[in-house]
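Going in written order, the chains are labelled A, B, C and D, and every chain counts its residues from 1.
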């Protein structure tokens, strides 16, 4: 029987901070028990409601790191201290911590992995972006292993290039990843070849956020409740992973067509 | 917020036993946490639902002691082992136990006081009935102090006649009473004169049983929830006590007109 | 501290909470108690021309999401009610008389007499879903019947008239407008919903003796809120928002939907008579925390 | 062990539980999962002629007594649906296609194509309370519209047709009878109730983007039960009793009210996909304890 009331509760913006081109962190007044990988539904009254992860937590406050991309994320980024948004959640299943983990982030997927890195300060964190201007959290995680597509910062290349040697050396127990789904698919395939577990946080269009509507379906999984973090066993069974996603109407399209918000590319 | 579901739960009749002329005890299959003075609403499907006290409890079973009087009580009395009735409750406030109590029962009001006597085996129990044939629980409480209006058993006279000397001797801490309201009024008045607390279990027509409808109002008290047991302080404030009661429509009538079921007189 | 006083059709209330009809309102003494416990106004159990026993028991149950009842307008009739409520001097809040009839003429006859009592207003429930001869079952929940009954009562009293509507009515806006045009002073929204049913599966029978009954409490709350919201957009007379209110937040939702006062009934089942003081305290606390000084600032706020 | 199998319009089901439309039913893979999890039959999310985005978010919330939604029939349209559900071979339970349209002609066009899929039946919701152009808001919840739409769909398919009705409809018996006369094979009772509203008092705004939405879950249960009870007395075709069912006892109440099968939707919110297996187990356990061997013995038992 439904006992929990799934309704937004308003939270005030306390401060905001620019992280990179088009990327801004908003600190909101809220205490929350949150597992890295989970998400909240963020409501802007009379506009829309969308899922965001919590990129950092402190007593009495939580952070959203938002890429300015469409109407909603722009309105969200532009909220001033003192203004409020509605939050419901946290929802979903976060990362399951195991020994000898490596974190692999792509673009603003780092927002999802950031609180996991906070919890696992000694775990290596590989972070790839298209170019130097899209890097974020450089001060927060000075030990990040960086790469850029254009070589403007860190190693030139993809996060998989930094992950591969570690897998080959057999020093990896589990890979936690978040980023564009094509990147996560590449990370997963690599892990499969090395027999290493991979946990990936998927992104799908969401409505309820608590497992009722299956608008967020990927294979037979609801990304909002069964995920958003899935392990290798689950990813293996998901034909859609890395290939297809569904628009608001439920129409299935290629990932390219879906628009890959995590790539932080318009 | 309402969380408890107030609906009858069916209970099977296990056995039945004749107690006196027109008085029968039904044992029902049910475990219940019950305070003497409380009551349950008894439902006979497609007939009606009425309040009854629990006259005895044993592990896994409870007893109703019913005077055959109208259609409902007759149908209830005639239920055979294996048949079922619905029960909801227990409802209301029972007797508050205090030192040096005396129990004063009139007629089938003894059904209400019986479980209290079980809990206080050393407390004196005064029991009055119109005539010998209406006495009950003679085996269960061999130490009862009996009286009858016609002198056919025990002392001739009213329960107040047996209570008075004890009050005068100052040996009574509290009087627990249940019986015809005129009798309870007399007991209360007597207690007042001796400055002794009196707790009386009132009877009024009931609908919800849980304090919503105030169909059972006596003064500004709901007999079902605030009572049915009231102490001297409450009784003093109730102008209606001993004088008036309300019919099913809510019409206020004298106690005589109301019909005094506890007198066990037709 | 926030000021909870409100004025409904000229009736001053210490807070916007109104004891809903049919809950606790059987006697003067109980009305007094509810008012002392913090109800800003109190409504009598509905009174009909003749005494009525109502339906047999069971008449009132709860289920996992609220209350279900088929009391069937048990009441001692207008004659007896005139005696019971003759003196309302010790009731510290305004008293609303609830009047029912089988037709416009009967409504007027009862209302005319009840209006002689020191009551602040006359409420007309046209909307009970479980009493044959009355309310929805007598076709009173239409714009035409609403107009006719309200007019008939307006002709016999100058006191404020509250027309109480059903959440089931499909033409709710039209009904409210008809009431307004015919002289109603306020709309009470809403009466109980459905009807619904509860079956005991061991007995294999509906539990209510009338088989079906009106659904109230938590289950009704969002529907009631939407009715209030709709009615607020349709008429200019005030609305008494009623249905499922059990907390200060719920009461404030009702105000923001457009209610000027807030009815509370079923919440007494879980919260006791104390529920009025608690809801009022929660309202005041919220208003203080959110810089709202007066109830008026909240009325209809969700529309702006 | 009690036998939970039941037959609905010739459709054999392992148990009487039907996944209700709009819950989980977006894809073939999810339908497969619900069926494997124990649903005796599964219903697709409603399909319209063209793709629909539905209302903006928030679209689905819960409140203290159930669920409130204004999804607004988001769906990929019939073309895409034909691809999505072309192969239903791995769904272990019968699949029901839910079809919506703005008028009888559109209903027939979509139904005709959906009926070519390997589905067991076509469901026609005439009763959504929050989607402009469809259901209640398009006047489909009347006996006349029901007759016209059912007839139009009957003309294009020989498959069983389930007409899904609204708990708000005042002429529920007439609507069910109109459906039966026009060729419906069963009545699905009921769709969501209201609509209702939820207001966030800090934001001072209705939370649902469409402002109002249909109320389902616990709040709806007694009303749904009464609708099923009424319809069972009115028509001879079977009823799929839907609304608030979350336990085996609830499902048995529905059967006793007259349902042949029992829809389950909102309970997935609290109980997960596992809710079907749990409800079925609770039903079997109760039947064993009460000496009931087969589901048929329970259907309509509260009427006898």
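The rule we apply is simple: a residue touches a chain if its C-beta (ideal position, glycine included) is under 8 Å from a C-beta of that chain, and two chains touch if they have at least 3 such contacts.
All figures in this text were calculated on a predicted structure; none of them were measured in a lab.
Seen from the Cα centre of chain C, the chain whose own Cα centre is farthest off is A.
With each centre defined as the average position of its C-alpha atoms, the distance from chain B to chain D rounds to 50 Å.
With centres defined as mean CA coordinates, chain D is found 33 Å away from chain C. Chain A and chain B have Cα centroids separated by 67 Å. Averaging C-alpha coordinates per chain places the centre of chain B 35 Å away from that of chain C. Each of residues 63-64, 66, 198, 202, 205, 217-218 in chain C touches at least two other chains.
The multi-chain contact residues of chain B, meaning those touching 2 or more other chains, are 1.
Chain contacts in this assembly form an open path, with each chain touching only its neighbours along a single line. Interfaces, counted as pairs of touching chains, are A-D, B-C, C-D. Those residues of chain D that touch chain A in the complex are listed here as 22-27, 29-30, 32-33, 45, 51-54, 56-64, 66-67, 71, 74-77, 80, 84, 198, 200, 202-203, 205, 207, 209, 217-218, 246-247, 266-272. Within the complex, the chain B residues that touch chain C are 1-10, 41, 43, 45-50, 84, 86, 206-208, 210-215, 217, 219-220, 222, 225, 246-252.
Interface of chain D with chain C (complex): residues 63-66, 68, 168, 170, 193-199, 201-202, 204-206, 211-212, 215, 217-223, 225-226, 229, 244, 249, 252-253, 256-257, 286, 290, 301-302, 304.
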